[in-house]
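Some structures are shown below for you to check.
Below are two complexes that have chain A in common, paired first with chain B and then with chain C.
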Partner chain A sequence: MLGTMYSILSPGGNVQSGARIPSLALDQQLHLYRLMCLNRRVDDQMIRLQRQGRLGFYVGSQGEEAAIIGSAFALEPRDWVVPCYRELGAALVKGFPLIDLFSQFFGNSRDLTKGRQMPNHYANHDLRVTSISSPVGSQIPHAIGLALGARLAGNDDVALVYFGDGATSQGDFHVATNFAGVFKTPTILFCRNNQWAISVPVESQTASRNMAVKATAYGIEGVRVDGNDIFAVYDVTSKAVAKARRGEGPTLIEAVTYRRGGHSTSDDPNSYRDDAEVEPWIERDPILRFRLYLTRQGHWDDDKEQALEDEVRATIRNSLDEAFRSGPPSLDTVFEDVYDEMPWHLREQMESVCTPEEFQTVEQGT
Partner chain B sequence: MGIKGPTTEQLLDMYAAMWRIRLFEEQAEYQSGQGKVLGALHTYIGQEAVGVGICAHLTDADYITSTHRGHGHCISKGADVRRMMAELFGRVTGYCKGKGGSMHIADFAVGMLGANGIVAGGFGLATGAGLAAQVRESGQVAVCFFGDGAVNRGPFHENINLGAVWRLPVVYVCENNQYAQWTPQEEITLVTDVASMSSAYGIPGAQVDGMDVLSVYQAAGEAVDRARRGEGPTLLECKTYRFHGHNFGDPQQYRTKEEISDWSGQHDPIQGLGDHLQREGVLTAEEAESIRNSVQEEIAGAVRFADESPYPGPEELTRDVFSTPVA
Partner chain C sequence: MPSIPMNQAIREALHEEMARDSSIFVLGEDVIAHGGPYAVTRGIAEQFPDRIRQTPISEAAIVGTAVGAALCGLRPVAEIMYVDFITCAMDEVVNQMAKVRYMFGGQTDVPVILRLPSGSARLIAAQHSQSLEAWFMHVPGLQVAVPSTPRDAKGLMKSALRGRDPVMFIEYKRLYSVKGEVPDTEYVIPFGQADVKRQGEDITVVASGPMVGKALEAARILSAEGIELEVIDPRTLVPLDTDTIFSSVEKTNRAIITDEEVRRGGSSAELASRIAEECFDYLDAPVRRVAAADVPMPFSPVLEKLAVPSVEKLLAAARDLVA
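What follows is the complex of A and B.
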């Protein structure tokens, strides 16, 4: 199932013979470790809230943190992240404030998307994180377009697009990757091969021997990397980013990982897969692997772990409290952002559904 | 390997079929110039060896899907040239009662599921036909014909992937004539050898000289046999060339006259087979001439049939649209 792939750390956190740790300062390494832990905790917390009926929907990324965070960390702030729907970690790397993410999840008055999107569909163009794209694979052409746009504008920004193994079967993957190859767009096509497309296992997804080999059909480079190895992911993505920035075109990266949880909170994986299949992936946990490495290097211990745990919990708690305090968006926002100047019939509707007092009440969040 | 034939009888049939396509198309272009053909016309001249070499392995029960350049596929699969010409002329005796025209000819009786005006429109139909054959365990095979332009469209990717993973009895045949309408292939893909893309789908790929009907026959035989044995699809690329424009009236400013005359002069598939048969002593020059003349008569008959047929009446407007006719 795993096949040949590039790795630096063994599952036990040892440096593989002949492998070199990418040049990351210790504070960068600890920052990455914190983001992975934060990502895991946010996931746990949101899934709990969803089970309690306090959140409509959530998509977790347990077990895929290294693939997501390691790749996003290879980008500059000016580069684009074009997510699928399981890349909370990339948003965190980009500096997406927790309060903005949580406000989107709850669709409250602080939500940048004004409560109009499904939960988990955050976006922040100032941070160059485009909207989560639920239609499978539809974000790939967007990323190619952003990259082409950057090149036409004469700058060297790149776009990194995330998609799953299921998306590789979509026409959008095909047309976009071909286009990227022909026009050498500065794009990184990052496939999180987490082995499952909702309930479809990767063996039923394609007859090709892996995802990276698909690059040959487009005349571009394909790379296969251990997606649970933060250093390996960072390393291959950095090289792909540098190549794209030099104007040498796109790279298809296949990060081999595993979706440990359900597809989303609306899914029960017990109905289509065995728990026994998940077991080995708990041993291959990306956070544990990184922690074992840091510990061996003398950079980490139980006290530091506990302190980080406390800090992460408190950070999440504070942002959650703040998000809960904000009420729903005011009713008049329903009428915004469609016309530059509101036509008379919409104004009439707006006035019929909300009086000025009601606007105020709604805005106060009662 | 291990593909038997073609027998002498098959060789002569293939020779006649290629002439049938060539002369049908030449006549269609002439009649289009006379204003008799309603709508656009895309001729198969130069590509005859592909349709003929592949369909030689198929029976009426097997399926094919076609493209906007579909006359050659229709004729290769055994469609009636009279009803085809009538359809081009917009007459009620045509395959679609004169309501479809050149790009919509279908003949289910011979397994021809239809020409298709949509680039890459045949993939889903052929893959579905293959799935139906697999589910019914009927032993039928479906062949999907498409051009090099269609390779860069989503349905190519989605259907070949699905056909591969479900091991469907489908042969995906790329007629790589090197131009997607007016666009040279190398401008729109980095991989000009389409057969090599098969590795991305985990299926075999084969590339043949699409101007040589015997090469096509051999490669197609292996792909069709493999499909029939239940071993899944093959991506078969036939390198070919259309001698005329994308459509009748195309000024062809995107390629040189020398390039065209080089292909039509050096690589004519009909001349190639004719020479081969004469060298092998299967056919004399007189017999070759006689085959051509007899096909020419057949095509002249098709034109007469079309000319003498009426146009559809106004009552046809609402027919074949809803199962319950509109009152």
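What follows is the complex of A and C.
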């Protein structure tokens, strides 16, 4: 299942023989560690809220934090992140404020997407985090366009697109990778191979030996990395980003990881996989591995862990309280943004549904 | 008669027909472990292990594979997890499945059934809540079925599985769990036969999918005010039973068309224009349409409520028509 892949830290947090830790200052390392813990805690909290009926739906990333955060951290703020839907950590790296993420999950009046998209489908154009789209794989070609745009504008911005193992079955993956190769775009195609696509295991998704080999057919470089090793992911992605900036073209990165939770809160993985399969991945936990390393280096201890835990919990609590305080979006916004200028037929529909009395009844009804 | 939910009714049709006809096979994403998100294909893998394929994620390949299999005599039933993702397979649907028989001089049929979970439900927004009947109606060669009850769903699925045409089988997600009586004896419901769900003298309401239930509820409310709605469910939009609709309009002289599609260019436009063309002399008032707002489906519950057509909108349209 694991096969050959680039790694730096062993699951026990030791530096593998011959491996070199990428040059990251201690405060950067601790920042990464905090983001991974924050990602995990946000997921836990949201899944709890969903179970309590206070949130409609949620997609968690438990076990995939290193793949997501390590890769996003290799980017500059001006680079584009094109997420799939499981990359909360990349949004956090990009500086997406928690309150904006939470507001999106609840679709309230502070939500940048104006209550229009499902939970987890956030977007922030200013931060260069593009809008998350439900149809699997449809975001991949966007990363070719964004990268091509950078080339045409004469700058060296890169675009990194996330997608799952399941998405490699979609035509969009293949045509996008082909375009990337032909146009030599500064694109990082980042496949989170978490072994599952809802109830379908990766062996039923492709007969290829792995995902990285798929790059070969399109004439681009493919790399396979231990997705639960924060240093290895960061290292591989940094090199791909540097190459892209130099104008030397795209890279397909396969991060080998595991989806520990259900596909989403609507999914019960017990109906199609054995707990025994999950066990080894708990030992391979990316946060634990990083903590063991930091501890061994003398940078971390139980007190620091507790302090971080408390800080992260308080941060989440504060943003949640703030998100809960915001009401629903105003009703007339439902007709905005369909077109640049609202055409007569929508104005007519807006006036017919948004009489002042109806405003009242609808708002009271929720 | 047993009362069962619509997802079970469709499942029964599949199981019964698969037992009867060995050329039927099922394919789609997650159709084995979960029986699809709505458990429609549950049990098929156990019953007919060789006749179901859980596919990699590609709607284009699913529909294309189904077309190919149909060309050599199979009857594929493909599930597209949400109708919204049929977009990924539109070339196969529009340029292939719908036209192959015609383009090749009628040498071969393409009896593919695409099962298409549709409509709003559970707040899943713009890319998981669409109703695309009108797109499919517009393509010559495709039949379009829109069951509103478990009984109709089972009977229509059986007809689909015995016909020779490609069928876009629209399954409203919100109706999957709604129970209704289903005969425990063998029956089929032919395509092109509308069902009068309620008789009334004053207004003909042609309703499809989830709007049938809402129209019946509106009818109950209006009956107390002395307005009697006749609720007609076409059940298949292609072929369309215009006889039943026209004779109702000739009786009531008023018509409302209602469905959950966005209104502009929706199937309601086709129905309204057919009524205007054929029943002009009988109409006492313009034909009305009650459909979804012309916007992508929003997520926020207060916004979704505005976009989806409601009983209140039906009541307002009906009261206005008889005023």
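Quick note on the criterion: the second predicted complex is superposed on the first by the 338 of 366 C-alpha atoms of A that agree within 3 Å, B and C clash if a C-alpha of one lies under 4 Å from a C-alpha of the other, contacts with A are read in each partner's own complex, and residues count from 1 in each chain.
Definition applied: a residue touches a chain if its C-beta (ideal position, glycine included) is under 8 Å from a C-beta of that chain, and two chains touch if they have at least 3 such contacts.
Because the structure is a prediction, the values reported are computed rather than measured.
J.: With both complexes overlaid on chain A, does A:13 touch chain B (first), chain C (second), both or neither?
T.: neither
J.: According to the stated criteria, A:149 is in contact with first (chain B), second (chain C), both, or neither; which is it?
T.: It touches nothing on chain B or chain C.
J.: Where does A:216 make contact in the superposed view: on chain B (first), on chain C (second), on both, or on neither?
T.: first
J.: Just chain B (first), just chain C (second), both, or neither: which does A:206 touch?
T.: Both: A:206 reaches chain B and chain C.
J.: Examine A:175 and indicate which partner it touches, taking first as chain B and second as chain C; both and neither are also allowed.
T.: Once the two structures are laid over each other on A, A:175 reaches chain B alone.
J.: Give one of first, second, both or neither to describe whether A:334 is in contact with chain B, with chain C, with both, or with none.
T.: second
J.: Which of the two, chain B or chain C, is in touch with more residues of chain A?
T.: Looking at chain B versus chain C, the one contacting more residues of chain A is C.
J.: Using the superposition described at the top, list the residues of chain A that contact chain B and also contact chain C.
T.: 169-172, 204-206
J.: Can you name the residues of chain B that touch chain A in the complex?
T.: On the chain B side, the touching residues are 152-158, 161-162, 164-165, 167, 187-191, 196-197, 199-203, 232.
J.: How about chain A: which of its residues touch chain B in the complex?
T.: Within the complex, chain A contacts chain B at residues 169-175, 178, 181-182, 204-209, 213-214, 216-220.
J.: Quick one: in the complex, what on chain A touches chain C?
T.: Listed in rising order, the residues of chain A that touch chain C are 56-57, 107-108, 111, 114-119, 121, 133-138, 166-167, 169-172, 197-200, 204-206, 266, 271-272, 328-329, 331, 333-335, 338, 345-346, 349, 353-354, 362-363, 365-366.
J.: Please name which positions on chain C make contact with chain A in the complex.
T.: Residue positions touching the partner: 29-30, 32-34, 37, 54, 56-58, 60-61, 84-85, 87-88, 122-128, 264, 293-296, 298-303, 305-307.
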